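Heads up, the next two complexes both have chain A, just with different partners, chain B and then chain C.
Our next item is the complex of A and B:
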């Protein structure tokens, strides 16, 4: 279950405000082509970090659902996956904007970009699959199984296949991501808090959505009783 | 409550202190173009303030949703 305490939410608020302010004000390396847009690192990349962590959480609840089927575990898995999908869509959109002003195009047929797009489509199919069942137990069981498959298919598309070929995107094709800019200690000071804060925000939103779904479940159960 | 608010403000101040070094950044010639003018005339703080306000607004909304659901949970407990 999600943490019952609230201190981590305060941490998320503080770190998010810090990310927004320091992300714009802290010194960054002066690099050609990227120029000031290097600051997108604090906003675009954490979306993918957060997405990966929250989708892994979703798989964790799916596996637990398959071991002990309860509607609560299905809700936790479903809401986590939904937050992950939102973050992935935001990641694709922000990446596309960044590409327009550094690579000169909204989209290229780059293995990293296409891999991410296919992975998002796989997760889109998860939502379609879920909505196609009438029976709740059937829906929960089959979508839990599909969720595990989707994670196993999406992760290589995000992180392994693009590294096997040439790619424009940092962190692909033997390209060492932003490691050489990350080595700039000023950027690390913002980048790590940014990853933590956006991930915490994803968990927070998921927790609120789950609690709402639990309440709905409770009300339905009361009406049936 | 007052104490925790003061602690939060202090923590944020500690986190943001290194930002002061941004002011010491010297615009150099012959290097890739950066938004040096925007920083020199201080307009960057307008952008930072606007983003901070928008973010704070969204977070306040999320906190209020969280509290509303918490209240509903307590109501439905019995």
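Our next item is the complex of A and C:
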């Protein structure tokens, strides 16, 4: 798999540097209210892309775990879910700051915001569930089941529900998410690399965390032997 | 469980009677769904927690796991349907009935009961495996039910205000689809849970 090679890490670093420099320095369209805060698009929105992709990865590993139970697959799915939680928290934080300067409050009662908060609650519950088992195999299997169940039951709603109701957040009330900004092709030049680089960074974090967990597993097994 | 619903409704009635006033409509709606939510969690939790190990083993030798989960979902659905309809009746009697479109409201409550039953059955199965299961039940179940609850409260607000069916059709369809998704996923996942 390409994750074994190193070139994509270099790509992630380069793209992140590019995102940071170009995202903060490139000209952006001057829109009322948004003003310069539109640059947050390069940091806030990719977090959610990254989170969704990495959580989907976690579900993929959970399904594979149920087919062939190995501790490695459990670690992969667990660490992916944890990275997804980190990205979600950063996404909430950047979104909150953005909301403060455009809508005037840190938090509003909005379907997208609530959906994001619920997603964090669900994955918090996932971590609580994991910590309440002593037996490793049982923990792995049952948390995999919950992971798949939660993703299937909740995720579609976070994409459907906001589109059914009106809200301040773009991508709601029937609007596609980026129609307003996509008119400016300069922003796309930064936005797409930003999405790719943050997603790659998420995979990188997950990979490092997994390697650490694999090592711990090996040491543990050695101690038992 | 009927006593549980009845006494909760009565406590609400007494605490609001202290103010001596009629309950405002949004509060009426919110309170009703909160009562239903807690009733559902408590009722569905009994499904797996009260089974003894021996009986589970007996089922295991007797039938396929798919049959068990479908039977549990069916039982919970019937139980919650009964509880929520009785709860609605008692609630409407003691706290007044501001609903303008009663048919839609009742249909919505029934959909909600089915949704709670499908979601909570698998969650109670999961929670039953862990040590501190009754707390876990709430922790695992509530976040999963919030999206459903948001839709339900929206539809029931429409029914309270007597809006036409057109306004809440998409939400109702989403609810039905959600119920189907959750049932299908439980059907697929339960065999793995059952094995342990």
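One rule holds for everything that comes next: the second predicted complex is superposed on the first by the 221 of 225 C-alpha atoms of A that agree within 3 Å, B and C clash if a C-alpha of one lies under 4 Å from a C-alpha of the other, contacts with A are read in each partner's own complex, and residues count from 1 in each chain.
Simple rule for what comes next: a contact is a pair of C-beta atoms (placed from the backbone, for glycine too) under 8 Å apart; a residue touches a chain by one contact, two chains touch by 3 or more.
Keep in mind it's a predicted model, so treat the numbers as computed, not measured.
Shared-chain residue A:156: touches chain C; no touch with chain B.
In the superposition on chain A, A:138 makes contact with chain C only, while chain B stays out of contact range. In the superposed model, A:205 makes contact with chain B only, not with chain C. Within the superposed three-chain model, A:22 lies in touch with chain B and out of touch with chain C [touch as defined at top]. When the two complexes are overlaid on their common chain A, residue A:14 makes contact with chain B while staying clear of chain C. Contacts of A:146 after superposition: chain C is touched, whereas chain B is not reached.
Against chain A, in their complex, chain C makes its touches with residues 119, 122-123, 126, 129-132, 136, 139-140, 142-144, 146-148, 150-151, 154, 170-171, 174, 178, 181-182, 185-186, 189, 192-193, 195-196.
Of all residues in chain A, those touching chain B in their complex are 9-10, 13-18, 20-22, 24-27, 30-36, 186, 189, 193, 204-205, 208, 211-212, 215, 218-219.
Those residues of chain A whose C-beta lies close enough to touch chain C in the complex are 66, 111, 114-115, 118, 121-122, 124-125, 128-129, 132-134, 137-138, 141-142, 144-146, 148-150, 152-154, 156-158, 160-161, 164-165.
Across the complex, chain A is touched by residues 8, 11-12, 15-16, 18-19, 21-22, 25, 28, 31-35, 44, 47-48, 51-52, 55-56, 59, 62-63, 65-66, 69-70, 72-73, 76 of chain B.
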